[in-house]
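Here's a structure for you.
Read from first to last, the chains carry the letters A, B, C and D; within each, the first residue is number 1.
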Amino acid sequence: MSLQQKLTGTGIAIITPFNEDRSIDWAAFENLINFWIENKVEYLVAIGTTGESATQTREEEQEVFDFVKKVTGKRVPLVAGVGGNDTHEVLDAFKKMKLDGFDAILSVSPYYNKPRQEGIYQHYKALNDAAPLPIIMYNVPGRTGMSVSVETTLRIAHDCNNIFATKEASGSFEQINQIMKNKPSDFMLISGDDAITLPMIACGAKGLISVIANAYPKEYSDMVRLCLAGKFEEALPLHLKYLDMVDALFKEGSPSGVKYVLNKMGYCKNTMRLPVVPVSQAHEAKLDGLMAAVANR
Amino acid sequence: MSLQQKLTGTGIAIITPFNEDRSIDWAAFENLINFWIENKVEYLVAIGTTGESATQTREEEQEVFDFVKKVTGKRVPLVAGVGGNDTHEVLDAFKKMKLDGFDAILSVSPYYNKPRQEGIYQHYKALNDAAPLPIIMYNVPGRTGMSVSVETTLRIAHDCNNIFATKEASGSFEQINQIMKNKPSDFMLISGDDAITLPMIACGAKGLISVIANAYPKEYSDMVRLCLAGKFEEALPLHLKYLDMVDALFKEGSPSGVKYVLNKMGYCKNTMRLPVVPVSQAHEAKLDGLMAAVANR
Amino acid sequence: MSLQQKLTGTGIAIITPFNEDRSIDWAAFENLINFWIENKVEYLVAIGTTGESATQTREEEQEVFDFVKKVTGKRVPLVAGVGGNDTHEVLDAFKKMKLDGFDAILSVSPYYNKPRQEGIYQHYKALNDAAPLPIIMYNVPGRTGMSVSVETTLRIAHDCNNIFATKEASGSFEQINQIMKNKPSDFMLISGDDAITLPMIACGAKGLISVIANAYPKEYSDMVRLCLAGKFEEALPLHLKYLDMVDALFKEGSPSGVKYVLNKMGYCKNTMRLPVVPVSQAHEAKLDGLMAAVANR
Amino acid sequence: MSLQQKLTGTGIAIITPFNEDRSIDWAAFENLINFWIENKVEYLVAIGTTGESATQTREEEQEVFDFVKKVTGKRVPLVAGVGGNDTHEVLDAFKKMKLDGFDAILSVSPYYNKPRQEGIYQHYKALNDAAPLPIIMYNVPGRTGMSVSVETTLRIAHDCNNIFATKEASGSFEQINQIMKNKPSDFMLISGDDAITLPMIACGAKGLISVIANAYPKEYSDMVRLCLAGKFEEALPLHLKYLDMVDALFKEGSPSGVKYVLNKMGYCKNTMRLPVVPVSQAHEAKLDGLMAAVANR
């Protein structure tokens, strides 16, 4: 089975559960990993943005990778989030980190320093040339401040043989359509946006790296599987059912939303690392209502 | 003289000159510091975004701070850029870094992880409580992906007695106007946007932390001084004269633009750290033309 | 067959062909109507935005309606564009115009004067109460300057029994998703956006009111029929094939783009009424290339 | 005194007061005209957007022009709003309407049909060539859906000798700055945006066509006069004082906001023509509070 086939479907951008003292809550983490795998998502992505990569050191991230690998025990494919806005530092991480047992790397495009498109290309080219594993590039302009253009995405897709997929979270169907139209046939488009995954798969995306599936792994990966099977009419009610929940998970920042829901479900503490904070009380009530709503229907 | 008075006028967000091997070009740096000070800008800001903070380690930044302090020799006030999107790591830097000889810290709001406003507040509150020096907060939503709202800015301005100013680069006059209307009288609004500094000072800003002043310290700080003296009619021709240059300095990313110009002027190499890259050849020609244009008039 | 069923599929927002002296080119119009019907689009919409409603008087529009009706001869259902930003004037038009033989009215939300949502509601409520025919409301915020919100759309959908559908051209899947989730089951969502019709149908839209189908009625309505049959995998290559053409038809204003293509095909003059003007020469070359590209594949 | 000099300062985009039966309330109108003139605004603009041009026929507009002229009795210069998105119809209005006694025409760029820039140019060129009076062009992309670009503005400014000014309401200082930098010296930039008039005058604008001055003619034109005299420090407190009121006047649509305030002041009924409706009760309370606030200070 090719890597593309293995990563078709739903990957979870898994949270990192913390204790109140900023340490990682390994017991909760183990439970969660089993919960996710038993509920049939296709793969896990550790140390993505949802995993609070911004507030963990490379050393802590290595610990997380090791732990996730151990608990998973080859039951599902694994993707390691290793990105940054300092090319040199990411290359250094590629060298130092032990990623055996992982199937691919997810690496976000540079944020904050906003290189021009040529700089984004050179960044990914350098990563490609030193890649210890195949790479999924990641475009999330609402966070990075600089979209990877269609042209740059295609240039990377054609030139960089270790970069086999892009996680697209631009929300732009113009971008999505143009990538689909012009990409090499073996280059994969992955939705990075729970809310528009159904229409993205209709346009040719091969799955989703998901936030909501942290809390609803079975339900949301079912929806994605129906889409991938071309059964959009069956998928649509599920898509619409979780719409307000998806929206609410992001309203006051992520992973604050999904950690609150997982805490209510009993899976982890409602604890983030600063500057990320728990959702407001008003939003807790909103999320409680939505949890009840999706449970009842 | 109060800190507010000392930092009224133009501060340069100074570049960090590099050699081709990624090392810092200290000789060029020394020349530049003297050039900037002799051309009468009011103060210098080291290791801001323009100084390529994203691709330097805290250790390198400490070296830069030490060097800038030494060369400056108290001729002008100094501001140290120390920010990040991991509150704990910034607090750690506050503890470890030696910032004596500096007058203030510039600290950008969290980027990429996009905390809700309460998280931004708690981030700055934590910084305030541990501040080794007075702090200028910094709002640049085009880079961070999350604007510090008017309400949060004012909450910080009122609650945090070590945060005495905000560098505003939202470009929104609604934001600027509301901050001016409601801020404590001793809280300073500083433009973070060369292009709209004239109208921002008309609205009450007390100066600028500038990119273009790296290359045109005398000319642009003259413009700012005229504005601060209420002589907008005299300032306007200067403002308009540098408009296209300001625009061009950002067109292909910063500090790529201003480093190209400084290189042409003989002050430094045209070298950035990846993922930031030099401007394109087409843009070099554009910048050449603009350099000639501002020289001639 | 219900009206909803009759209008499932592709309707063309038909152009109005003009002579150089601003008069209507009736001979061309007759040919076009036959071309469109023979190429199997489901219905025609006369005097929409694409029909240059802005530069025709109600008297001219009546002539167009009469002519379209006569030439169509009941071969396909017909929709009459009757809208405006002056409620009183639209009601007056509803009274005066003879619309027998038409199946429905398309009526755009108020543009330019930007009423608040309550005003948009009252506008459509007044139209509903005086409607000579069932009404399709139309949201195109890029033209009107004011989006009809989800809430207002749903309020109208529930309260106004003569308004049975909305043509959505906001381009926002958040808007589209929320309307789909909450609309009455017999209220129809119609795409008003050629470029995202495939994903909109995946989300539950029942067809398209199209610009590109003026020139490619068979090809684009085939694509829509495949989507409506749930055959997205077969529809996708067609969707992608026409993507650049769709984009190019709007690049320099509509109907300028599609009139140029129809002119090259021999169907009408390349003539618009001011302020709408023909596309530039550079864009003609672009369109020529795209016409060749879609013909060849 | 040149026309430019006569129109330096504040013009009011005057409301048209209506009775409940849609007729014009002439008695209220007479009082208002006297109120405005006695409170020293520099000129009046009848039948602008604020005058609800969208819902009046050219015949009604002629009546308004005649009445405004009669009551004004040459005490201040007058501008007539005559615009549209159908070039031919506007030219027809230019021919038919009696505008003697008026000093200039304000003519908005085409809305809704979104011609490309060449079409906007040809529209204004045609108006220029048939102009019965000097023309102020008007760019308000938030309403029209299509900004008049800097290039088109400058092209018109240079080519059309009857078009002597532009009312800019794009809100973009990039646009404002570039127009100021490149315009012919006798071409006037007028703010079309109460909220940013102070910084626009600092950048070279010569005044304002105002909504808020309907209700606060003395106070807001004082602010503008201070700016024009270069006294920005004195103007700033006034600018900030009216900031929230300016914002609130537009929050639920204009002229709904200002008509509510004028109604509370006793000047006119709170009556608009559909689709424009009165502000909500919640917003009435907000406006009441702001009226008290500006009265007290």
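We adopt the following convention: contacts are C-beta pairs under 8 Å (C-beta built on N, C-alpha and C of every residue); 3 or more make two chains touch, one makes a residue touch a chain.
Per UniProt, the chains are A, B, C, D = 4-hydroxy-tetrahydrodipicolinate synthase.
All values reported here derive from a predicted model rather than from experimental measurement.
A.B. asks: Counting one step per pair of touching chains, how far is chain C from chain A at the shortest?
C.D. replies: Contact-graph shortest path, chain A to chain C, evaluates to 1.
A.B. asks: If you list every residue number at the chain C and chain D contact, are more than half found on both copies (same) or fewer than half (different)?
C.D. replies: Over half of the interface numbering overlaps between copies: same.
A.B. asks: So, what's the distance in Å between the C-alpha centres of chain D and chain C?
C.D. replies: 34
A.B. asks: Measure off the straight-line distance from the CA centroid of chain B to the CA centroid of chain C, and report it in whole Å.
C.D. replies: Chain centroid spacing, chain B to chain C, equals 50 Å.
A.B. asks: Tell me, which residues of chain A touch at least two other chains?
C.D. replies: Nothing qualifies.
A.B. asks: Thinking of each chain as a vertex joined to the chains it touches, would you call that graph a line, ring, star, complete, or other?
C.D. replies: Topology of touching chains reads as a ring, each chain with two neighbours.
A.B. asks: Strictly by the criterion at the top, what is the full list of touching chain pairs?
C.D. replies: Here the touching pairs of chains are A-B, A-C, B-D, C-D.
A.B. asks: Which residues of chain A touch chain B once you look at their complex with the stated criterion?
C.D. replies: 22, 49, 52, 54-55, 85-89, 110-116, 118-120, 122-123, 126, 142-145, 252-254, 256, 273-277, 279-280
A.B. asks: Which residues of chain B touch chain D in their complex?
C.D. replies: Against chain D, the touching part of chain B is residues 171, 173-174, 177-178, 180-181, 195-196, 198-204, 230-233, 236, 239-240, 243-244, 247.
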